[in-house]
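Only one structure is covered here, and it is reproduced in the block below.
As written, the chain order gives the labels A, B, C and D, with residue 1 at the start of each chain.
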Amino acid sequence: MNILDIDSLTMRFGGLLALADVSFHVARGEILGLIGPNGAGKSTMFNCISGVLRPTEGDMLFEKDGKLMRINGYKPEKMTHFGVARTFQNVRLFSALTVLDNVRIGRHCRTKANFFGAVLRTRSQKEEEQRIVDESMNWLKFVDLEKFVFNTAGSLSYGFQRKLEIARSLATEPRLLLLDEPAAGMNPKETKSLIDLIHKISDLGVTVILIEHDMKLVMSICRRLVVLDHGIKIAEGGPREIRANPKVIEAYLGRGAADA
Amino acid sequence: MNPNLKTTLKYLLLAAVFVYPLFSFANEYVLHVMVLIMIYMVLAMGLNIIPGFCGLLDLGYVGFYGIGAYTAGLLTIHFGLSFWVIVPLAALNGAIWGVLLGAPTLRLTGDYFAIVTFGFSELVVLFLTNEIWLTRGPLGLPGIDPVIIDFSWLSTLIHPQWDWYWEFIGPQPYFYLGLFLVALVYVIMGRMEDSRLGRAWFAIREDSIAASSCGVNLLTYKVIGFAISAAIGAVAGAFLARWTMFLSPDMFKFWESFLILCMVVLGGLGNFKGSLVGAAILIALGEVLRIILPALNLPTETRFLAYGMIMVLMMRFKPMGFFPAIATQSRKNPILIKLKKDLGSS
Amino acid sequence: MIGKTWLKAVMACCLVLVLSTPALAETIRIAVASPFTGALAGYGDNVKAGVTLKVEEINAQGGIDGKQIRVEWMDEQCEPREAATVSARIAQNRNIVGVVGHLCSSAHLAALPNYLRHGVPVIAPTTTAVAISEQSKDRAGNTWAFRVVYRDDYQGEFLAEYVNEVLELKNIAVFYENNDYGIGLKNAFVGKAKDLGLNIVGEEAYVSGASDFNPQLTRLRGRNPDGLFISGYYPEGALIAGQADGLGMQVAKFGADGFDNVDYINLAGSAAENTYLTVPFLADAAEGDAQEFLQNFRERFNREVDWMSANAYDAAGILLEAIAEAGADRAKIREYIASINSPENAYHGIAGMTYFNDVGDTLKPAFVKMVKDGEFVAAPVQFE
Amino acid sequence: MFEQQLINGLTLGMIYALIAVGYTMVYGVIQLINFAHGEIFMLSAFLAVTFITVFGLPIYVVIVLTMGCCALIGVMLDIFAYRPLRQSPRLAALITAIGMSIFLQNLAMIIWGSRPKPFVQDALPAFLRTTALTVGDANISWLQMSIFGTASMLMIALFLIINKTRVGTAMRALSQNRTGAALMGINVNRVISFTFALGSAMGAVAGIMVAIYYNTLYPTMGYVAGVKAFAAAVLGGIGSVPGAMIGGIVLGIAEALGAGYISSLYRDGIAYAVMIAVIIFRPSGILGKSTVEKV
């Protein structure tokens, strides 16, 4: 069964057509690569799925309790609640807060203590706080950041910040994880550990959509790829097909490259 | 300084302040100023939620202060309600207005929100000034009863000769009541800060888009923050009403909003303990200048000249405030202390 | 963190404590509480001038019992909160035996509880609010708060009668300042005017510190009044007169003591002509002392005297006389002032004679001045 | 009566607009609400009167001289108070602005005294107070005409400076992206100082016009006018110069009509209520561009 169906999605910003009639689907449990040159509309696609933007036309269907439901127009926090988590192209951490606090905030949508619980320090609130810390620690261990629990997020190196952002999004218990260029700015060693991490995430049963420019990384972990160019889907298929697709080559290398 | 010595000294000083009003040499003016400082401590802590925790500029906090004060004053004069009933009612009224103002406007960005809050507080003052049938307007609201603790109904049941009835006269009882109020708000602030609620606020402050992708409903949590902040401001107002026993719309001009904001910034945005220092410094500064300037043979008229200059200098050399660290309360969270220990030992 | 926080807060408080310990000196100290900074500092300056003149006179004569008088100038910006703090400071300092102040009624009302509880005699030169009468006694029934100015209700009614009988205006437009003074005065005037059968064609308000009155005046102009009653102070009053003139409203203007400042004419220029105002004293009608005072005032401050300075001069005079007669003791001073309770033992100041009733209010005759050829002159018809 | 109220409102609005451009330009380049701007407006009135009474200069010279002095004050304000705080949190600069506002206000009070002063009427041409034309039942004086004229002229000049000159281009670049502008070789500090100078000069003209129009000046006059003008700047869309002009005029007219037809007691309240309503329905003001954060 598909976890996400994108059906002729269109996104306009004034006169600019960022996504034009894009359709594809994501199967439950797969790692899908979303690639394309700069300005192709990849991040716009993520912003639509995660609720930051409301698409102009078309449908987005997300699997919930075994049924597909239309998710156009839901706010980001609602999408997180449904089980869609994401990272950002430019890392967006709560940089003045500690690493642990960042992940604890990720637990927000799965917990429910309110003002009165907090002020009266009820038993259930205390238990919940303990659970939040335990679970957050598990996620930090999952991404190998347990050494930095009490450091401020802003003080981490770029690679670790990326990982922390992944840990934070995992803490929301997603079923679909959107990773926006997770390897950008990483050295080869960090990239390698990232590949392992993505595999580990997939092993948990989380479906992953990946935007990435590092073709080696994409080709090595994605079974299937969707290619966008100027808001139009130009190709879809396995890594080998895509690599051979003349349209893709043209999009990346310019007209003429495919003929040569 | 040796940390142990420091702790001891700190508690000694606290104890000294605590017993000071009981001595016969206690200076009533000093006590008066201390009570005033405590009111501003409550206000500054309450305001800190908005610019400090949620990262929104609020230029109209005095509106809620005024709403609380007049709620308390009118309920006292017309219905003779007890202070202990009035405080929750004032808080509730403040919170209601916080929600009414916040719900439609908290989606505004940055300075647009700031100017809306400012406009609101001006409207509150205009209402208090113009609706003479209700508030007596510029004539002021004199003759508000002081705080009364009345357990006579209980004492007569126990013993006919006993009369457990105390009326607050002079600054001493208000000092302790104020201290209680500061402590109460302090504890509430600490507990809120180190909770799911506080973390959601800090997330909004640090990066609202990331916060919403963590599942934080931005508007809801901003409105909650605004309502709580308003309620705290209203409580301070209720205390003020029963302490000064006189209210006038002049007491809630927008300069007060700025003053409280200055306290918050000076103490450190997002650090509610810093707000205590900010309040103490800015109120004490006004009084210190009142005393020092004549001693230096400078005319009274130079008082605010110096005040403004000192404010500028403080910001010049402490642009982040005295205590820039945020979310410090979690350092005392037993769960985290234990975690730290476990991590250290492994 | 918390340690340092508390430490600093406590240290700040201690600093206040240390600095506020009273200094010992061979002087008699009185306090003057008024706005010396802020929007209303101009009025505070008037009070300061009046008191300064009186104190300098006494000190030049050798002070009281050989002790010089020292004045503590207490700035309260006309803000009730500041006034309450200032009054606590005054009350605490036992060396201060009496107070001249406050300037604004709201500040005065906020300060009174402290004075009453500690027993500080206080004489207000300018507070006209009616509500003060109910707040002037302590629990034992002793009056501690006095004022040398008549109440709003008296002036307002007086003015209504004057307008009716002497000026013979029938259609009155009322323009009042939205503060305790303006409203109190206006209410008294309107109430009396209606009783007298005058026609109040419109009531408009403005806020103090405003500078544009055209919208309200335009509205009032539409009602064709033959008189404009401006219930407020001279700075706004002058602008109102000027703007009314600009709008082509050639009507008689009248106000109360709030207008009695030569700046009214300076600011309003030719538009000030044909303005009538009630005042507690008339320079022309004043006795010998007063003429000397006027002369001294002009020399010392290089401006014409206004009613605030005159009242402050008298208020300080009463307080200092009480100190001289009864000694530098708060309770005795209070008793002495309270005993000035009939025309026979009234204090004869430059603003006429002053005596107090049971609640500390004063009963004074009111006079009428008018602006003629760019100067204040006594109105041709006075009124008893 | 309506025409008269409209004229009243328009005059008021022109003055607000002149002050508001000072707020909005500074906000545009450094995102600072310069609360001390109102005090510059106040200082200009006092400086002008001082120049006339002490040095006996003719009014036209005085206006130019005052504009220059206020521009200088604005630049000094920037250099001494705000420049050290460029890298600090925005609120630190805001508090500094409030502190400077208190300082300047009290400084003026100490120098010139706290009582209101009349403007020197003798220095003005006599025809100013006479009626220029009559529209319906409204009289428009030459003074009002010259306020309209001066304000409009200055607005056009400002528009030309911002859109047609090199420094104007630099200002616009700065308001888009300060780092980018610096990388393009723009001397950021100099452009910011120029912005302060320009805004202060505009405020100075407004100050003199208010002092002449109402024939009064006092140390706290900058406070209220400044706050209203700030509201006008926000109403028009803070950061937008044409927005500030429109915001000022809208606010002035709303105030005059509100006071004339609804309630003079709620005069300021009507201005604020209009402002709040506009902002709720147009969250970035009348002409402000809503900035969408790039994710």
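What we mean here is this: a residue touches a chain if its C-beta (ideal position, glycine included) is under 8 Å from a C-beta of that chain, and two chains touch if they have at least 3 such contacts.
Worth saying up front: this structure is predicted, and the values here are computed from it rather than measured.
Each chain gets a centre from its C-alpha atoms; the one nearest the centre of all protein C-alpha atoms is B. Taking the mean of C-alpha positions as each chain's centre, the chain lying farthest from the centre of chain C is A. Here the chain pair with the top count of touching C-beta pairs is B-C.
For the pair chain A and chain C, the distance between C-alpha centroids works out to 72 Å.
Per-chain CA centroids place chain B at a distance of 34 Å from chain D. The distance from the centre of chain A to the centre of chain D, each centre being the mean of the chain's C-alpha atoms, comes to 48 Å.
In terms of their C-alpha centroids, the spacing between chain C and chain D amounts to 35 Å. Contact of a single residue of chain C with at least two other chains is seen at positions 37-38, 41, 178, 207.
Those residues of chain B in touch with two or more other chains are numbered 129-130, 209, 301, 303-304. With touch defined as above, residues shared between interfaces to two or more other chains in chain D number as follows: 106, 109, 114, 265, 268, 295. If you check the complex, the residues on chain C that touch chain B are 1-10, 12-13, 15-17, 19-21, 36-38, 41, 72-75, 78-81, 84-85, 88-89, 91-93, 105-107, 109-110, 112-114, 117-118, 129, 131, 134-135, 178-180, 182-184, 207. Across the complex, chain B meets chain C through its residues 6-7, 9-10, 13-14, 16-17, 27-30, 32-34, 36-37, 41, 129-130, 132, 137-140, 142-143, 169-171, 244-248, 250-251, 253, 273-274, 276-277, 279-281, 284, 287-288, 290-292, 294, 299-301, 303-304, 322-323, 325, 328, 331.
Taken in their complex, chain C has these residues touching chain D: 37-39, 41-42, 44-45, 178, 204-207, 209-212, 214-216, 218-219, 221-222, 235, 238-239, 242-243, 246-248, 263, 266-269. Put simply, chain D touches chain B in their complex at residues 27, 33, 81, 84-85, 88-89, 91-96, 98-107, 109-110, 114, 227, 230-231, 234, 238, 263, 265-266, 268-269, 272-273, 275-276, 279-280, 283-285, 291, 293, 295. By the touch criterion given at the top, residues 51, 57, 104-105, 107-109, 111-112, 114-116, 118-120, 122-123, 126-127, 129-130, 209, 254, 258, 261-262, 265-266, 269, 301-305, 307-312, 315-316, 319-321 of chain B touch chain D in their complex.
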